[in-house]
Amino acid sequence: MIRAGIFGATGYTGHELLRIFRAHPQIKTAFASSTTYAGQPFSEVYPCPYDDLLIAPEDAPLDAADVVFLCTPHGASAPYAARALEAGAKVIDLSADFRLRDLKVYAEWYGEHGAPSYTSKAVYGLSEIYRQELVRCDLVANPGCYPTGPLLALYPLLERGALVSERIIVDAASGTSGAGAKPSLKTHFCNVHDNYSAYKVGHSHRHTPEMEQELTRAAGSAVRVTFCPHLLPIARGILSTVYVTVAPDWTPERLTSLWQARYADAPFVNILPDGNLASLAHVVNTNRCALSVSDGGAPCELVIVTAIDNLLKGASGQAVQNMNLMFGLDETLGLIA
Amino acid sequence: MIRAGIFGATGYTGHELLRIFRAHPQIKTAFASSTTYAGQPFSEVYPCPYDDLLIAPEDAPLDAADVVFLCTPHGASAPYAARALEAGAKVIDLSADFRLRDLKVYAEWYGEHGAPSYTSKAVYGLSEIYRQELVRCDLVANPGCYPTGPLLALYPLLERGALVSERIIVDAASGTSGAGAKPSLKTHFCNVHDNYSAYKVGHSHRHTPEMEQELTRAAGSAVRVTFCPHLLPIARGILSTVYVTVAPDWTPERLTSLWQARYADAPFVNILPDGNLASLAHVVNTNRCALSVSDGGAPCELVIVTAIDNLLKGASGQAVQNMNLMFGLDETLGLIA
Amino acid sequence: MIRAGIFGATGYTGHELLRIFRAHPQIKTAFASSTTYAGQPFSEVYPCPYDDLLIAPEDAPLDAADVVFLCTPHGASAPYAARALEAGAKVIDLSADFRLRDLKVYAEWYGEHGAPSYTSKAVYGLSEIYRQELVRCDLVANPGCYPTGPLLALYPLLERGALVSERIIVDAASGTSGAGAKPSLKTHFCNVHDNYSAYKVGHSHRHTPEMEQELTRAAGSAVRVTFCPHLLPIARGILSTVYVTVAPDWTPERLTSLWQARYADAPFVNILPDGNLASLAHVVNTNRCALSVSDGGAPCELVIVTAIDNLLKGASGQAVQNMNLMFGLDETLGLIA
Amino acid sequence: MIRAGIFGATGYTGHELLRIFRAHPQIKTAFASSTTYAGQPFSEVYPCPYDDLLIAPEDAPLDAADVVFLCTPHGASAPYAARALEAGAKVIDLSADFRLRDLKVYAEWYGEHGAPSYTSKAVYGLSEIYRQELVRCDLVANPGCYPTGPLLALYPLLERGALVSERIIVDAASGTSGAGAKPSLKTHFCNVHDNYSAYKVGHSHRHTPEMEQELTRAAGSAVRVTFCPHLLPIARGILSTVYVTVAPDWTPERLTSLWQARYADAPFVNILPDGNLASLAHVVNTNRCALSVSDGGAPCELVIVTAIDNLLKGASGQAVQNMNLMFGLDETLGLIA
């Protein structure tokens, strides 16, 4: 059994991890920490029967953990990561702290880094792309919820040099769990229900540099993303509609074939048959990423629609998928494909 | 034109009043106050184009108002009511401060009263029942959102002495706007959406003594209410399912006829034909109260289903209906029947 | 591996069964039949990657199945049950065909029975109550979605003779999946969303005689149920608020203790601590039944709130729980407790 | 009083018209027709107290109507229009029959036209753009729900020649009322709720040629639209996120100023202050069109977000706005600005 600890267990990603741990035949919860709820059983925080006692983060028995999941906010994660690595545990960080390879870019979007010397050791945890690096690493930077779908859709295309314009438009919509568990006017039921709204449009959301970093790596040259997130009146799921301009020989059928080849061994990638479009219903409550592509109505234009569950493939599910890889287990253990 | 002021304008009932004022041909907004947002236009608080400037409550020009609506919390309303009445304005209080005729009962459920000498001057603003008293009063205690539907349904029945058991069960479900505009874990989108839950069941919700007071008046003898409110994953509307034991000659048809006679001149009471059941869709975004009754499956048992929009007939709509009555206007002015 | 077949696989309970089969370590799908979609893979009917080929019911290889789940409508199930039993398979019927022990009562509510000789062989599949009978039976009448929660809540209480009045009020609310997958005005999104409505109130819903049958057995004397179902604007979950009159010594605390004793070995029964109330969030997407009880506000009155997921503990989950029992497996296999 | 008739009154746009008629001080309902429900009062079709008797379309007293609203499907509208015009009534057609000025384009997207000789007489009813033509016309082609917002946003920009690329991307999301009142798998509650999906992406939705026609007129040269509609799990509202490439001197501030000048006298156009983004909450249940614009993150890129209520400004509200203009009334009569 793998002994797994969680820092920041009472946020949505922590709750989701505990749920997965219960279904996973090889995980034993080592500890679950919470600054706010230390001393209470988890069942008093969420309507569930989990009797795990929450402990203060400073009391976390790091030596009793083979792996530590960080569900703490960016900025807070980095020092926890350093502590856990030094104690000999592997670390999977669900925050943004180790996602950006360039510390200057990190500083620009997030401020000063809390453990800069570890950045170069981190592997970007997009499981299907970095599987080999993940198998032998100790520190995973689990991807952001928004980047995961578009990156899986675009990575193979950009590797092949198919992009003509360097500009990509990602129009995305997320369920409200993406905004976190903390009450605010933004997350008040009456402000979200029956509403649909854009926020941080253009180039202002922090997941933009993360997408650009990875797409630039795939393409081998600078890629620019215009990113417009929207808030959906649902709890879970992200659907991204991606507009790209490609070389004339890239039809939807050819892209579908490319995906099939690239993801032949990827149990969570659900490539839809031509003519079908990905929807949240394809993925919610699973660790799947659904991919679909259509003609944009003019030569060289493709419209890609991709969907994930933001708390699973977009966070805790992919984190456990990465853990499975890191410990040599079947990639799908404890997860729904 | 009637000059109307609002204290506590940025809660949901205040917002709703401003919406109605704009549609009402005889109302001019005198002022709208807010402690939190004083100095800002209303359009910065809610996504709407209302440019009314919010003022601090202490700056409210009471002499410029013919009527003042109190959308302030219980406890806070009573002193405002005293101030406004002394300045010569009529007052419609949407809080609970003047609903309970017995100050001891008030103290038990709400604490010490802020203006006890005015309680006896207040008219309980259930428009269809107290129409004549409302026409000539200066202080209206606008009914609570939960009591309005069950009271309109039961009042005629109890006046006729039809009740056999003194116990009435009111099982009700409300949209989340009833919980107010303040963010909390209870109103976080992810806690309400796809959920349905009971709260304050039995005899613990503050609207219970209000229902018992009015039903006891109607019956001429003590009536006891078992009241179980539930929270619905919608923004607006209250549906109440009411279980009563009646004398054997009270069939659903007879009760429907009684309602038709009692509410012949009530433009907002929507009595459904036999066999139909009230739903939220009958009433949301209107000032209607829908009434329906069915056989309970055994002799002497009736099941009444009644619905209102909690922000309209359950709050701001009924408040304006009362204002129309107080100023001798057509009862339906500015409202949807 | 247990070879399991499904008749009527493309309704919601069939879809849910297939989902559970994929997570269950001891089930192998033998066949999945559909009259409408025969010849198509399941992934063309629902947005999921299940490639199971749907076959016509007449082509179902009964000899290749150890157990057959009937997701067919009442009336249609009985003949399938007979066929499967004769072929040597065990049968779990999710329709109402074998739930009512008295064929006259069945006829009254459903019409003529399709396989009357089998009725006496069926065990009512309320797992926690009929566990011993289930272990050695061949034909299970899986309970209706509405009865499951109230029966688990009331059975221990009535066994103990705690009921004073013979009348029980069950006010329940169900998600729309309970209305089935067939499009109709009743299930049109715009008619359900933001709405809440009662239907078949009093004594007219077909789950009423089922509740009365089982409660009468528990009590040893006739019990009458006033049942009012409501439709919730959500997909999954049933919450029931149950009003009972009990002997004076039955406090909420005592009932909670009784449940704890009665369900000490029941992994899916989630008894909430005093002061907590069951909500859909406790149970949706799990096979749990949450139980909670409060004071009704007067001596001898209790208000019980109980919740299940209508497609899991209220249908397919309980069906697999029963299968686990019938085949001597761990009761929780493939299910979420 | 203007006597107004409705063909196809029991669809959502017909229902909405009847609602507006009741609030409009100058409209008297002349007739409301329905093929399916002829002979029934409207209150039996929708949960409302409207007692208007539905008549068969062939019984419609055209001579008793000053204006006729066609809520009939495309193809069916054209012959009704001809009949009503010949009887001397003005006609406002909410279908697509008279929106496309080029009959060849109409044929390509909709098939053969039912009254081709009238096409040239129709005015495209985008009120704020064609106000002068509307004032003196007899036949209005009320715009499609999707085009209305993007056209109001883009028309002034294209008139000024600000577009650099001829390609515009319109990514839009609509509430489910846009799919009509007919039950189908697509509109089943359980398929829409908690889901979000794209459909007819690229250049395949019938509102695409309508947008291109009007934008080409505004620009004076061919404009191409890549259009991706999505289905939202709500009943009402359309939000469009529009990506344009403009000349370098077109900042968001400059576009906001242009809108303010162009729509200075347009009571329903709600231009948001810089930094604010339009949401459905700005417009639902009103006849407003909200407009907002942001920097796209690179030179020459703008992201416009615009919102309407699809049944009001996107259909019945704009239809009545047009009627007000045609009859010389205040544009806002009966509508919410």
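Just so it is clear, A, B, C and D label the chains in written order, and each chain counts residues from 1 on its own.
Definition applied: a contact is a pair of C-beta atoms (placed from the backbone, for glycine too) under 8 Å apart; a residue touches a chain by one contact, two chains touch by 3 or more.
None of the values given here were measured: they were computed from a predicted structure.
S.K.: Sort out for me whether B-D or A-D is joined by the greater number of C-beta contact pairs.
M.R.: Output for the comparison: A-D.
S.K.: Can you tell me which chain lies farthest from subunit B, using the average of the Cα atoms as each chain's centre?
M.R.: A
S.K.: If you average the CA atoms of subunit A and of subunit B, how far apart do the two points sit, in angstrom?
M.R.: Roughly 46 Å, centre to centre.
S.K.: Approximately how many whole Å separate the CA-defined centres of subunit A and subunit D?
M.R.: About 39 Å, centre to centre.
S.K.: Can you compute the centre-to-centre distance for subunit B and subunit D, using the mean CA position of each chain? Integer Å is fine.
M.R.: That gives a centre separation of 36 Å.
S.K.: Would you pick out the residues of subunit B that each touch at least 2 other chains?
M.R.: Counting only residues that touch two or more other chains, subunit B contributes 191, 194, 233-235, 279, 281.
S.K.: Which of the residues in subunit C end up touching subunit D in this complex?
M.R.: 12, 176-177, 181, 183-185, 187-194, 233-235
S.K.: Enumerate the contact residues on subunit D facing subunit B in the complex.
M.R.: 22-23, 46-49, 194, 270, 279, 281-282, 285, 288, 336-337
S.K.: With touch defined as at the start, can you tell me which subunit C residues reach subunit B in the complex?
M.R.: 167, 169, 171, 173, 191, 194-199, 201-204, 208, 224, 226-228, 230, 232-237, 239, 241, 243, 277-281, 284, 294-298, 301, 303, 305
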